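One structure below.
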Amino acid sequence: MCEYVLKTEGLGISFGGLRAVDGVELRVRKKQIYGLIGPNGAGKTTVFNMLTGVYQPTRGTFYLDGEELKGLSQDKINQKGIARTFQNIRLFNNMTVVRNVMVGFHNLPKYKCSFIDSIFRTKRHRDTERAMRARAKEILSIFGLLDERNLLAYNLPYGKQRKLEIARALATNPKLLLLDEPAAGMNPQETSELMETIRFVRDKFDMTILLIEHDMSLVAGICDELTVLNFGQTLACGETSEVLKDPEVVKAYLGD
Amino acid sequence: MEFLLTLINGVSLGGIYAMIALGYTMVYGIAKMLNFAHGDIIMVGGYSIFVFAATSFGTLPPWVSLLFAVLMAVIICALLGFGVEKLAYKPLRGASPLAVLITAIGVSSFLQSLAQVFFGSAAKFVQFPDLGSLSLGELTVSYSTLITLISTVIVMLALTLFVKLTKTGRAMLAVSEDREAAQLMGVNINFIISITFIIGSSLAALAGLFSLMNVPFIKPTFGSLPGIKAFTAAVIGGIGSIPGAMLGGILLGVVECFSNSVPTLAPYTNAIEFAILIIILIVKPTGILGKKRREKV
Amino acid sequence: MKNVFKKVVSFTLAAALTVGSMFALASCGKKNYAKDNETIKIGVSGPLTGGAAKYGIAVKNSAKMAIDEINAAGGLYGMKFELLALDDEHKKENVTTTYSAMYEDGMQISLGTVTTAPGLEFKELSKDDNVFVLTPSATGDDIVEYSNAYQMCFADSNQGTASAQYFNANYQGKKVGVFYKADDEYSSGIYEKFIASLDQSFKSAGVETATFTGDGLDFSTQVNMLKDCEVIFLPIYTEPAAAFMKKGVGVISNSAIYYGCDGLDGVEAEFGTWDEFMAIPQEVSFLSHFNSKAESGPAYDFVQKYNATYDSDKEPVNQFGAAAYDCVYAIFEALKFAKENLGKEFDESTSPSDYCDILTEVFNSDSFVFHGITGKCEGNNKSDISWDDSGFVNKQADKYVVKPAN
Amino acid sequence: MSAFIVKFKNIKWKRYTNYIGISLVLLVFTVLTLADSLPQSTLFLLEKIGISIILSISLGLVVGFLGELSLGHAGFMCIGAYIGGKTAELLSDVGVEGIFALLISVVVGALTAAVFGFIVGLPALRLKGDYLAIVTLAFCEIVKTAFENSSKESFGGPMGLRTPRFDKHYLFIIIFSFILVCLAVMQNLIRSKHGRAITAIRDNEIAARATGINVTKYKLLAFIISAAFAGVAGVMYSFANSTVAASAFDYNYSIEILVMVVLGGMGNITGGIISATVITFLNVKLTTMLTGDNAVLKDLVYALILVLIVIYNNAPALKYVRERYNIRALTDKIFKKRSDVSYDTDDEGKWDRVPTKIKMDELLSVDVVVRESVIDPDKEGKE
């Protein structure tokens, strides 16, 4: 067992000569809630995109549980155990809520069911379908979405769409969950609910969580450790309380 | 010699394709729709020239009557493009592009059958004053070919300047880039789209003229093949790109003529043109001059 | 849920009842849809819309004209004729629709299809029901494969061979070019037979071949390829031929000869005005059974009448129409012949199959000769037309010079 | 007995609507044809409708569920028709005829079409929306040209391939049986995890990748299955006609199939079946009703109906009218199933809500130098 669930080594990427992100070193321990913060355009989402295979890093590499994942395709990385949500919610809008979650089970070995099984509706197909539906309902009930399970995702209110996205990511049974600005667009009430949910997820699923967030109350409230990015470079990292006191960080956030 | 002649023929044909493709590209870039009825607007332009040239020949000098016919064709096509947009496409603004595509197909078929009702199915010969040809040593190039080519270049340059320099043109770019934002900035979307259709349809009328100068026969299905070819040309050049439409059109015309000039290849001309399209798109998924676009995650 | 159950049960019952009653109503055996006819119905399937529409429209108009003439003159022993003309758009998959609709509408005798491609489907269907077919213009050799089908036009192979023979006899020593439509069965069919029958001397001198496909009419490349030829064989229809000739002005030698088949008939009409056509410097001629530019005789009378009846500007007359006109009269004469010479009886409600038996017997009989406007007419006399047992027509074709070289 | 009734009651009938509908039609007409009381025009009409339904269902997989625009469906059908027809011809040479020849031809035709489905699916991995549409259109034209220029001995050249016609009294039974097969495959696929993966790609490709869906695999799978069934339709076509000519399978035909799918509604199999039936019926009826001089009005009427239907179905301004007066509202009224939340619907949606696919988003540009621009996909489709 490795000490770190996620470890990046000098992770960086250039777009047409511009170094968007450079030398990012993340060390995320098991069951940690780790924050990635920084001003707009600092390259936080780009880091997420590299970690999930959307972009291929041009420098450095990263490891999940000691296994190097650099160069794998997005779906392979997901199968290895990194799941994510998006800054702007990306649900399968024309599918029902329960099916959104069931898509997440796609690669789980226990729901293995070949294409031929499905075409002929064999016993295996029916069993896995039933099991998947039951499991999806479990997950939905955790997030309080059970009653809406047969609505189209498109019709959910904003807050519940966020939750559904997290539920879908969890359904893929990841080792590491990446949350991209989960509290964006939420009021303080919803944000504090969300904090509860994130903590609950960590405890219930033994999950390691890496999140990007602008809402400092949320960051200060739940993150164990932080990394601050500025202009694609690491500005500070360490315990949350200490990092937030760092004058450099304050300067980056508040300006001179 | 043979080679040069084929090349000139190809460039001339390509000029016609380019003219149509320019209209396609304009409409596509701004209204974001594949206007399958564009080819049939060429047909309407052709019939207008036929009607007005026939009625005014004899009473007016040939050149004047031709110019008069062309002018009428441009006006009729512009009105038609404007009307079609208002009646058939505007109600669907905001609906799925597929619905608009199907409507465009319906409009195309409607215009074709309307032409058959009015003019019959047989091809009509369109009289043109003989423009003669230019001799350069052994080479003879007809003036109609030259006119086609020069006009296409002029139209392309004019369009480029129009889009780059005028207020309306810049508004067009803005609408193309982000319709909502443009609207918020005070651009009148309906006006811009109408203007686009008017320009595109006027170009179609000109394309009708050049097609008729090349082959002086008009029939209800006159526009459908050039329409598809020009669409192909626009995609090869990168749909949405004005220079791309020109490039794609010329390329396609040259390929078509060279393929036709080799007896064993001639039956496969269409297949060759489409194969080139596929290869270009596989190598460059947005066509030669199309903007490369990356999706933001 | 109980409601649903009830509904399913009632629906099943209703369905069972419907099926049962349909069973009861069902009649066995082949139906004679013509039994309630008040006229003798002649059916034809042709392109009335789309790219080939002018051929179908000419056939429809001319057949209608012939039928109106016959009816106005008192019909056949008082029996009137009626035309059913359906649009197949020159597509063979539409023929099942047009044929079955006409058949069930009481069609007793058919003119088959106007064009070859749909005709290949028509012949199978008409053979199954034993319906008589006399096609005005479907030239494919296979059209008359079965015993119920006859052609008024020359078959492709005949045209190809006859043209080659004409070349062998008259154009020795000249350089030959061919321009044909590669994806068209009429054009490529004639081309193959033509090349097969052409003398070796032409071939060793080199026969230039240019082709085109589809609907495009820009032939600048093809004209270039054939510019050195002295005789150019054009087994194509008028529209591309006219486009070719127009492009050829100034490129192809003025002394060259354009030589086509029956598809070239009416090429001058493509040019709108006669003057415009005369501006083509080359000789234009074709081998055909009909000359729409005849200046006297039966063909002239027909054209005059057609132009007086229909808007010839919109849908000009051509040999398709003439052949259709002849087809109707041939059927009329054949029925007369059957009654008078063979003692056959028939009326408005006779079944298609019976008509087919009667007409096949007449058309196969050696003593039946039809006098028509197609074929070589001497002066004001109509031509002699007969059919051999395989369904091919016997009449004389002629080379018509539409215009001599300027 | 009561146990049976309970079980019977618990069946989710709506799942089986399509099967029941098609089977009832098949049953009624089979009985009628066995009683020899169907006129051949009805038989031919049924054949045509059956073929259209197979085409509509199969294209529905690519357009409605995968969300890719294909204008080349007739190309796959063309391959199926030629290869199936040729197989039947070769089989009849060795004495195999009738239903066995048909079944073997169907297998061969469908497999060949599936191979081409794979080949066409490959560019679909790189190209989007209208670019893919033109590539599929190009593919269709290339296939057509290739068969048109084949030698007489191989595929008959421009004359077309002569194919053995199947007994017209029974062919529609076979075609409708294949509709049932096609329905079974499509519906079982769509209602499985694989179908969900395909629908997920349609709804949001980026999210689908992030959720671990192998997009390449499922795009190809959808293209292959869709092409295979188009191939089946082609083989049926070759048995319904005595000749197969490539000229029939032009892009206009592809477009007609697309019209059926679009009018049927996105990801709506029942809708696709209904619109295929209506459109085919309309075409045939217009041909037989507008005869002689009126034939010219046929396309005019068809085009008008088409444009009006599309505008009625899609115009944003007519949304409220539409929601009150449509087939679904009507059936809901009859069956009183309007707000049954516990019921699992198929993943139907609205064409205009699909954000990532079938979009036309190229920008107007006057630049000769190619520039890169970033699009924000969340803006798309929201206009």
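Remarks
Each chain carries a letter (A, B, C and D) given by its place in the written order, and its residues are counted from 1.
Here is the rule we use: a contact is a pair of C-beta atoms (placed from the backbone, for glycine too) under 8 Å apart; a residue touches a chain by one contact, two chains touch by 3 or more.
These numbers come from a predicted model, not from an experiment.
The chain pair sharing the most C-beta contacts is B-D. Centrality by C-alpha centroid: the chain sitting nearest the overall protein C-alpha mean is D.
The most distant chain from chain A, with centres taken as the mean of CA atoms, is C. The distance from the centre of chain A to the centre of chain C, each centre being the mean of the chain's C-alpha atoms, comes to 72 Å. Centroids of chain B and chain C (each the mean of its C-alpha atoms) stand 36 Å apart.
Taking each chain's centre as the average of its CA atoms, chain B and chain D sit 31 Å apart. If you average the CA atoms of chain A and of chain B, the two centres end up 49 Å from each other.
Multi-chain contact residues of chain B, defined as those touching 2 or more other chains: 113, 116, 121, 267, 270, 297. For chain C, the set of residues touching two or more other chains reads 49, 53, 182-183, 213. Annotation for chain D: residues touching 2 or more other chains are 145, 148-149, 206, 296, 298-299, 350, 354, 372. Listed in rising order, the residues of chain A touching chain D in the complex are 16, 52-54, 73-75, 78-79, 83-84, 86, 88, 90-96, 98-99, 102-107, 111, 113, 115, 118-121, 125, 128-129, 132, 150-152, 154, 168-169, 172.
By the touch criterion given at the top, residues 184-185, 188-189, 192-197, 199-200, 202-204, 206-215, 221, 266-267, 341-345, 347-350, 353-355, 372, 378 of chain D touch chain A in their complex.
Across the complex, chain C is touched by residues 5, 8-10, 13, 24, 27-28, 31-32, 35-37, 39-41, 43-45, 47-48, 145, 148-149, 157-160, 162, 165, 237, 240-243, 245, 247-248, 284, 287-288, 290-293, 295-296, 298-299, 335-336 of chain D. Across the complex, chain B meets chain C through its residues 2, 5-6, 9-10, 12-13, 113, 116, 119-127, 133, 140, 214-217, 219, 221, 224-225, 257-258, 260-261, 263, 266-267, 269-270. Of all residues in chain C, only 49-51, 53-54, 57, 182-183, 209-222, 224-225, 239, 242-243, 246-247, 250, 269-273, 276, 311, 313-316 touch chain B in the complex they form.
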